[in-house]
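Each structure below is given as structure tokens.
Heads up, the next two complexes both have chain A, just with different partners, chain B and then chain C.
== the complex of A and B ==
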């Protein structure tokens, strides 16, 4: 049985009539410093209603710092930030009332049972007991946790905890859902099922802002994303645009014996738009992988293993920053 | 991120009163403690045991006792001291150990601050919970006192709000100190300050037994003010001095609460 996102009122918006605020998040020159350390160094971001927007970047890029500022729990150091058209500095409670937040670390209440976690959290939003009860049951169903309703939070698996955290973030019918690394630590199956649920939420009109260091996740979920590195934005666009702009259509990966890659790079350099040397392989960026491969063989080179694939955001990231995403 | 004008906004954008925004966190604690109500029993038993052993037991050796020109039984002297101390202990237990655990380990306040609630709401709710816990012990103790015939005035009815006020002052100051604590070792300081207060705040014997300079010190400690206030109420000897205790405890509690709000903001909204 497919689990529908309980549709109470997702982002009221009649077709053709622009909503009061179509700009859900608007940041200009946004900065965050901790002491003398600059975690976010002046970023510009716009997220529109109904969009799924991603922050992609390696550890320490400043993704969580940005998310916490958007969630109105971390004061902006400098620059402009508007969330739902309001200033977090002055209208924090009003903003937070309309946000759903799933922090990087699951922050469930271990003293409360699974269903109680939803009930109590809903009360923090000022929802009535009756409204919260009905909503909790829908969300348990949504998170496939109905039969765990009375379980202790500590007894849940990692994936179940994540689902409960996300379900909890939906208790107030948020207009923006902020997800900080929603699938880190989940097995592939759990990740796919979560993507499925997030996709459904998006179809219901919920604006999703997420962070991730998985390029496949960004490609699957995001309409638009920014690549973040060392507190700054390295590139911005849809996954396809980014790949088109910063990479070739295909990549031929060649593996030779350890230590030979550096030397061999020069011998194939003219066969591709760009050659990237990694410790364990050469990556040839090219429009037609198979043709390039044939040319490599034509030069008498015999790689131990080859792989021809389409370019991904990982390649974009590698090109922009010279590093891989997951280090 | 302002704690001033801390008003809860519900999902429909309505601002809600302080009572409701305080109530929701109390509701959470009630849910948790309805399963662990045995915790409550120890806090209740302690002052009753002191009353029985010292007030009644030792009291047998002290036929009567002179307080401010009135002669009362020793047990009637000790009982209001235990009343005030139980309010202090109940509130301090919650506002220090439990708050530290929720703050550092459970990250409960991080969860709460992601909702429309503010640090001011957290401060107010936690201190209210602490004073209610102290108040429950005190109410139970007042019943025990009346059963033992240790209440001599209708003023004693006001001893319960007085006990709540003691809980408020100690809850607020205790929680404020807790926000500065780094590890469980630091809680030695709490014990180091509550135990002497418990022993020397005119709980078991009048402060007049001390040298004058020490009396001055004791005079400004919060438990002493609470003990004196409770004693004045249960023995029916209310004076202008009672008003001073009242104002002292209110001011202390309010200062503590404001400090808690500021500290939580510093610690959590980074």
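== the complex of A and C ==
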């Protein structure tokens, strides 16, 4: 075999790699159409070595289509795409040899046991049987699945399956880890456990590209992200930059009786930079939530419930698209 | 060091395809017990029931049985070819759609340096292994009944099963890879497999059919395999017609292989 694998703790950048560029993903005017449907409408993206980059957007925003093009499994319709400095059109296998892919739906093989899923997968990358056994045990440890090594995949919980899928994606010690909706369908505890694993990988220098429609996930994990909507990029930056640029520091949420929000919005409009009317509440975008709230009370308005909080990416998305992330 | 090259050249291509070996070994280790039992017992039951017991009632001169001196000798090679067809229908229908749809196994395979053609060819290799092991058992079961006139004939019949199997495997793989739901399998089981099983000359000489039906039966893939297997078993080899059968099966295998790769590639690129 022409190569050997370092352990998961080794630095990801290897000397002598021809594509030793810091541009891990480079896209210009990237498009994907399915028949007459335009899933991705000309996006520009740059992901640099060692960063955690996110595509944030609702279902159907074109995130998964973009990821599948980056993973070199779905042909580019138009535009330029370079992954690790190579063209997926011509160098698909070479690119895929250096990627780890965690798809949206678990694609574990239920006919194989937990450890077998890793062993068989490592062989696809040309690892020797001995190397893949050692690597599998290391990754089972990392994914906290050592005592489940011989279990059937179907007997694992959702969180365990996802951890196993991520472990499988790491079998070739990839330079880029692609995660499509990594925590969708997981309970809060399993999500936090997974975030912890991803955070550790990031600290080890693995470049992470992920899609999510959870703003808290994007805020937790991403150094930089793009907000996607209807196949296009609506904004780009770090979570903090995006919030600063597109929202206020704080938000005061007011709940009144059903059906009153539209009418009451006019009475508080001048108290905030911006007021959003949702079916169940009013959101007042302001620098100082408590002060705004006091002014609301000062006008004799008595909301049934109030909440003052910091702005989040959810607010950014609402501002940019007029819709919320999760339907 | 990270991977910057892949094995290249014809052997490189093979060595990458070979990376799927452990997958198929692991799958087989989980399933072989059932298949060994049925592949031994089924031929024995068929040969005894149809060849020995039913055949006991059939007193037809060899001239009317394509040169076979008893119904047992006539039907046994037909059963072998029919078994090959059935095994391949089993291996290339539900399992293929399952790996696409239910478990997304192909999708996870082509997310690695493997490509669709290598995934298809490795699976055809596994199916070839299944055909070979089932045929060896069937041939060994038939041998004590005096079905084969020569060792060469038995050996030839073995290789014919491999070719016949591939001629079925590749186009059905292509069909399965394009299916949205498993309902499409009922159609080919009812309209192709069962009629071919019953009417492609495995159980009776094709001359017994009406002229139109006989012509239809003669263009089925199964008939090519039945006739080849029978000629080899009985020692009634006829080179011109054998060459037609062989060419037919080779063309179908190759064209089907091309279609199978194209069909799965389209499916996975979506």
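We adopt the following convention: the second predicted complex is superposed on the first by the 308 of 327 C-alpha atoms of A that agree within 3 Å, B and C clash if a C-alpha of one lies under 4 Å from a C-alpha of the other, contacts with A are read in each partner's own complex, and residues count from 1 in each chain.
Keep in mind that, in the parts below, a contact is a pair of C-beta atoms (placed from the backbone, for glycine too) under 8 Å apart; a residue touches a chain by one contact, two chains touch by 3 or more.
From a predicted model like this one, the values you see are computed outputs, not experimental measurements.
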| item | value |
| --- | --- |
| When chain B and chain C are modelled together on chain A, clash or fit | clash |
| Partner chain(s) touched by A:34 [first = chain B, second = chain C, both, neither] | both |
| Touched partner set for A:112, first chain B, second chain C, both or neither | both |
| Touched partner set for A:94, first chain B, second chain C, both or neither | both |
| Chain B versus chain C as contact partner of A:75, first or second or both or neither | both |
| Partner chain(s) touched by A:123 [first = chain B, second = chain C, both, neither] | both |
| First, second, both or neither for A:188, with chain B first and chain C second | neither |
| Touched partner set for A:103, first chain B, second chain C, both or neither | both |
| Chain B and chain C contact sites that coincide on chain A, given as residue numbers | 34, 71, 73-75, 92-94, 96-99, 101, 103, 105, 107-112, 116, 120-121, 123-126, 172-173 |
| Chain C to chain A touching residues, read off their complex | 1-7, 16, 19-23, 26-27, 30-31, 103-105, 107-115, 268-270 |
| Interfacial residue positions of chain A with respect to chain C in the complex | 2-4, 14, 16-19, 34, 71, 73-75, 92-94, 96-99, 101, 103, 105-112, 116, 119-121, 123-126, 129, 168, 172-173, 175 |
| Interfacial residue positions of chain A with respect to chain B in the complex | 34, 71-75, 88-90, 92-94, 96-99, 101, 103, 105, 107-112, 116, 120-121, 123-127, 172-173 |
| Contact footprint of chain A on chain B as seen in their complex | 1-2, 7-11, 13-14, 16, 20-21, 24-25, 27-28, 31-32, 106-108, 110-118, 268-270 |
